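Once you scroll down, you'll see the structures, which are given as structure tokens.
You will see two complexes here that share chain A, one where it goes with chain B and one where it goes with chain C.
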Partner chain A sequence: MFAQKGVELIQELERAKDFLPPFNEDGVRQVLEEMRALFEENQRDASSAVAGESEYITSVHIRHCALERNKRCLMAYLYNRLERIKEHRWHFGSVLPADIKANICEPEAQFFIKYNKSLAAYMKSIGEGSYSLDLTQNLKPPKNLYIQVKCITEFGEFETEDGDIVVLKKNSLHLLPRVQCELLIAQGILEHVS
Partner chain B sequence: MKGYCEWLTEMYVSDLKREFYDVILGKRVLIFVNFDVDAIASCRILQYLLLCDSISYSIIPVQNQNDLISAYKESCEQSNHIILINCGGTLDIVEHLEPTEEKVFFIADSHRPYDVCNIYNDGQVCLLGKSSEKEEIPSYEDIFGNDDDNDESSDHLDGEESDEEEGDEEEIRESKSKRQKLDPAEMVMRRREKRLWHEKRKEILFNYMQFSFYSSSTALLMFELAWKLSRDSNDLLWWAIIGVGEQQLLGKVDSKTSVLDNGKLQSHMIRLAHLSQHGGDSAGTKDALYITHEKDLNLSMYRHWSLLESLKYTPQTASHFHLWTLKGEKKLNEFLAELGLPLSQCRQKYNSMDIELRNDLRSIFQKKVEKYDLEDLIEYSFNSQYGFRPKNSASDFVFALLALLDSAEKDKDPADAFHDALECLSNSKMDAVYRGIELAKLQQIAIGKEVHACLDMGHVINAGPCLYAVIQDGTPDAKYYGHPHSLLMLGQFLLKAHISRARGRGLRARELPLIISAPSAIRPSHCLLLGLPPLSLDSPKNLIGKAFEQAAENTQTEITSVFFDSSVIEINSEFRSNFLDSLFSLLE
Partner chain C sequence: MAARFLEDYLSLNPWRKQIILSNYYDREMIISFVAVDHFGRLPKRYSPNYFSIEDIVLQDVRVSCKFEVSVPKLGMLDQSADDQDLKQGSKVELPFWMVPTLHAKKVITFEIPRHYKVNYRQILQADSIVVDLHKWGPYFYDLGHHVANLDLKDSIDIKKSLVQTLLNRLRHIMDMSQHSTHHETVHLIANLDELERKLFAVGQLSYRSYKEWVRRESSKINTAALVASHRKRKFAEVTV
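Here is the complex of A and B:
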């Protein structure tokens, strides 16, 4: 059946909802091959149709529809992958984790870099003075800008963005800006307490 | 002089909102918290307030003076505003911590007496709360006055001052010529005056520092701050009640203070209940916290125990019935029989008792307490209930918190115990409270057994000026009372039981303080020494703390007072007997 491969590509993307599956180069190539074959046959039949054999016109029409469909499937596949990459940019920041990086192909990587650049340029343009507003933070309005954390390892001095020095001593409790705690919590230095 | 003094009394910050909270608003604060329930409750209230206003803070739990000093040295750079909760008031902060000029200390401490240098200073140390008449704080003139109003005569006493002046020769010559002008008789008079003044100062200071005691709860102070900021709620009130409850459970305050505090809490409770009724917030009522103030049985944790066990391990009933004897147990059974409570029901867990008995329990007891002379068995208490969950009394919470605080052992960091206790004071963590209560039961059982053992073996010894009891190293359950709070409970129980047994000549024991010692659960080869004021005084003013200090000075022993209470000290076990000998001779 025509356009089977293209639908398979989309199904594959649909099944992996939470992550970006590796770029299916093989699948894309097969679709392209199918399209080339369809196109060649169409060209042959079209030329004979021009010669006067009118019975080929319906088959040319059907093949053309299949071509269009294949094209749309490929476009959808590529577009949705890019959407996901954009989403990852907002989620993970400007550097993608290694496992995601391994799953994107070269043109996609190029796109990612360009997207990064334009996002950064935009964020720079909307901030006041030398500050730039990080749009990727707090996508939902946070309930509180500060969270309470407990220090679970002996870390020592930590300088916050506004220049305050916090001494993270084991078993001390702190109320710190959420933004600055996130990394330390991920590193296992702090623990969020409600 | 008068104007100067007025300015100095300002070290008491009575307008908490304007002079304390508005000052720290928008700054970073550093908070040191002592290990007691009152401090933890105050800390919880303060945390809530600071969170509301996004005031970034760091909280560091501290156990004793050395802890405080080292923690301060480590983390003083991060903030210029330092709050001390239930610690530091009795130390000369400026001398011990050597702070730089821009630091400001706010002290909310229920330990008394305050160090006089904290009361009179140049604004670096602020004491939260009002001064009360009871504390009998010496006036400024009496202890510092002469130092600066009479430069000439203090020159020869005050070495430093004359050192400073050496650079300025002219001044020296001037002062010398002045001095020469004075005739010798006047000089002698002045010197005499000076000496008299110094003697008087010493006496005043001694009288002032002699007794250590507690003032009203810090948690209540913090709650009143929240109230003034219009941020008070039932949760905050409950924490304040727990703070006050600890002081009353451990007998830290006299009855007058506790009646006043309870009155304040009760009026806040009524006000908040009124507010929530008219606020019409019916959606949240299912999980909301209800607080009630009602007459309740004064038995340890009876809602989580069986009635029989609770009766057995509550100090009042145990010492009243002499439950460590066979006769006592029979008497208790007789009491229960007269109340009409079947033994089988009393052995049940309270929750599984007959609902009818449970509902009438208080009135059943009420009828007979007079006959058995047990009036203090029924007292007003604060109870709380979350939605439809079972009721808890404030003392249940206090027991749980104390047990958790005292759960530190050799391999468990005391700070973990602190965090466990702090965790209890958040609405959703009832599990933590129940865990604490289970621990508290074990602790109470251990204490009850130890009292029994001490009385049987005659471990309470009359040393003349005081009673003393030593719990030997290696006693099976020693880990339960190797902590200050539980040792205090053990001491109070033991004293009560010992005195209830005494007859005739033994009654003199009522007038004696008790010194009790137990091996420390945290530091091996160290032991805790705790002094309790005599039962007859009916006042928690304690002079043992001062005696400990004096004895340590005489014997050159190193002591550490634990939890900033001078009447609990930690001492190396080797020096204990020596130290005790010196202490007894002091108390003579």
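Here is the complex of A and C:
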């Protein structure tokens, strides 16, 4: 049956709802091969249909349908992966963990870098003078400048904006400026204790 | 066309605007649904677009069709015959995504999936709340919408029945979502269609964030959900 491989690609994404599965290069190639075969057959049949054998038109229609379907599957596969990569930028910060990086292919990595750049350029462009607005900060309205946090991983030394060095050891409690620990909390290194 | 697409893919340009625009189709807003993406946000309107994963998956169901004309060289569609050509009148199970085009060109006649037929519509009319819609096709409403759009003589009736069913069931779904914590969810959503599950999830989310606000926890910063699940998976890998 037509377009089986394409749907398999999509189902792979559907099953992996909250993470990015490895780029299925093999699957994509198989779909492209199927498309090429369909396309060549269609070319042949279309030329004989032009030559007068009109019953071939139906076969061309059916194959074209399959081509469109395959195309839609591939496009949706690539597009949805990019959407997920974008989402990762907001949650993991500008550097992805190594095991996620291993799952994206080279063009996707380039996209990530470009996305990073344009996001940074945009954040720099808003705000006056040397101040730029970090859009990933203060996703929830802040109530205090300082918050109490508990370190839940062995992180090591962390330099705050005013030059102090805090050693973040596992299970240690700190009172830190909210601005500086928000990303660390989102990344699961610190825990907000209220 | 395939060649062009191949070119686009290789030069990493598949996101060209004109392709996206020419293929992006809006469904008419007959049933005004809401949908949630996989991070729980609510887009403003519901229209499965060209890239919608769900829309692609749900169109993969098989429909029994009968060919009205003979098709040369495509005998492989009918697995019970080993002819090279497909004869006129042969009955074949085709995936749903083929149906709209071929139906419009009068190549095939098809049988509408049984859950949208008159007797099933009568069941829904009698009492839609007890029906296990998940069994009737996990994407009951969305597929029904596609079927009804095929310009059949039942189209209007199917559309009316879909809207009425959702209206009847919605109140119950909303009610459940406002009175359940996440522990009991599995039983509650067992007989809900995928769309209804999304609605349920939205209701539950709003209830939970209300609770959070009452406990004054809404200003607490949490680990991002994506990061948390990533860690869990990593942890599972290490322990295995």
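Rule of thumb we're sticking to: the second predicted complex is superposed on the first by the 147 of 194 C-alpha atoms of A that agree within 3 Å, B and C clash if a C-alpha of one lies under 4 Å from a C-alpha of the other, contacts with A are read in each partner's own complex, and residues count from 1 in each chain.
Assume a contact is a pair of C-beta atoms (placed from the backbone, for glycine too) under 8 Å apart; a residue touches a chain by one contact, two chains touch by 3 or more.
Note that the structure is a prediction, hence the values are computed from the model and not measured.
Chain A is touched at more residues by one of its partners, and among chain B and chain C that partner is C.
When the shared chain is aligned, chain C comes close enough to touch A:His91, but chain B does not.
Contact with chain C, but none with chain B, is seen for A:Glu14 once the two complexes are overlaid on the shared chain. By the touch criterion stated above, A:Leu145 is placed in contact with chain B alone, chain C being left untouched. Applying the stated contact rule after C-alpha superposition, one finds that A:Lys169 touches chain B and leaves chain C untouched. In the superposition on chain A, A:Pro177 contacts chain B only, with no contact to chain C.
In the superposed pair of complexes, A:Ser194 makes contact with chain B and with chain C alike. When the shared chain is aligned, no partner comes close enough to touch A:Gly52: not chain B, not chain C. Residues common to the contacts of chain A with chain B and with chain C across the two structures: 194. Those residues of chain B that touch chain A in the shared complex are 28, 47, 50-51, 54-61, 71, 74-75, 77-78, 413, 415-416, 418-419, 422-423, 426, 428. Looking at the complex, you find that chain A touches chain B at residues 144-146, 148, 150, 157, 164-167, 169-177, 193-194.
Against chain A, in their complex, chain C makes its touches with residues 1-3, 5-6, 9, 12, 14-15, 19, 23, 38-39, 50-54, 56-57, 60, 69-74, 77, 95, 97-98, 101-102, 105, 107, 217-231, 233-234. Those residues of chain A lying in contact with chain C across their complex are 1-3, 7, 10-11, 13-14, 17-19, 28, 32, 35-36, 38-39, 41, 45, 55-56, 58-59, 61-63, 65-67, 69, 71-76, 78-80, 82, 87-88, 90-92, 97, 99-100, 107, 110, 139-143, 147, 181-182, 185-188, 191-192, 194.
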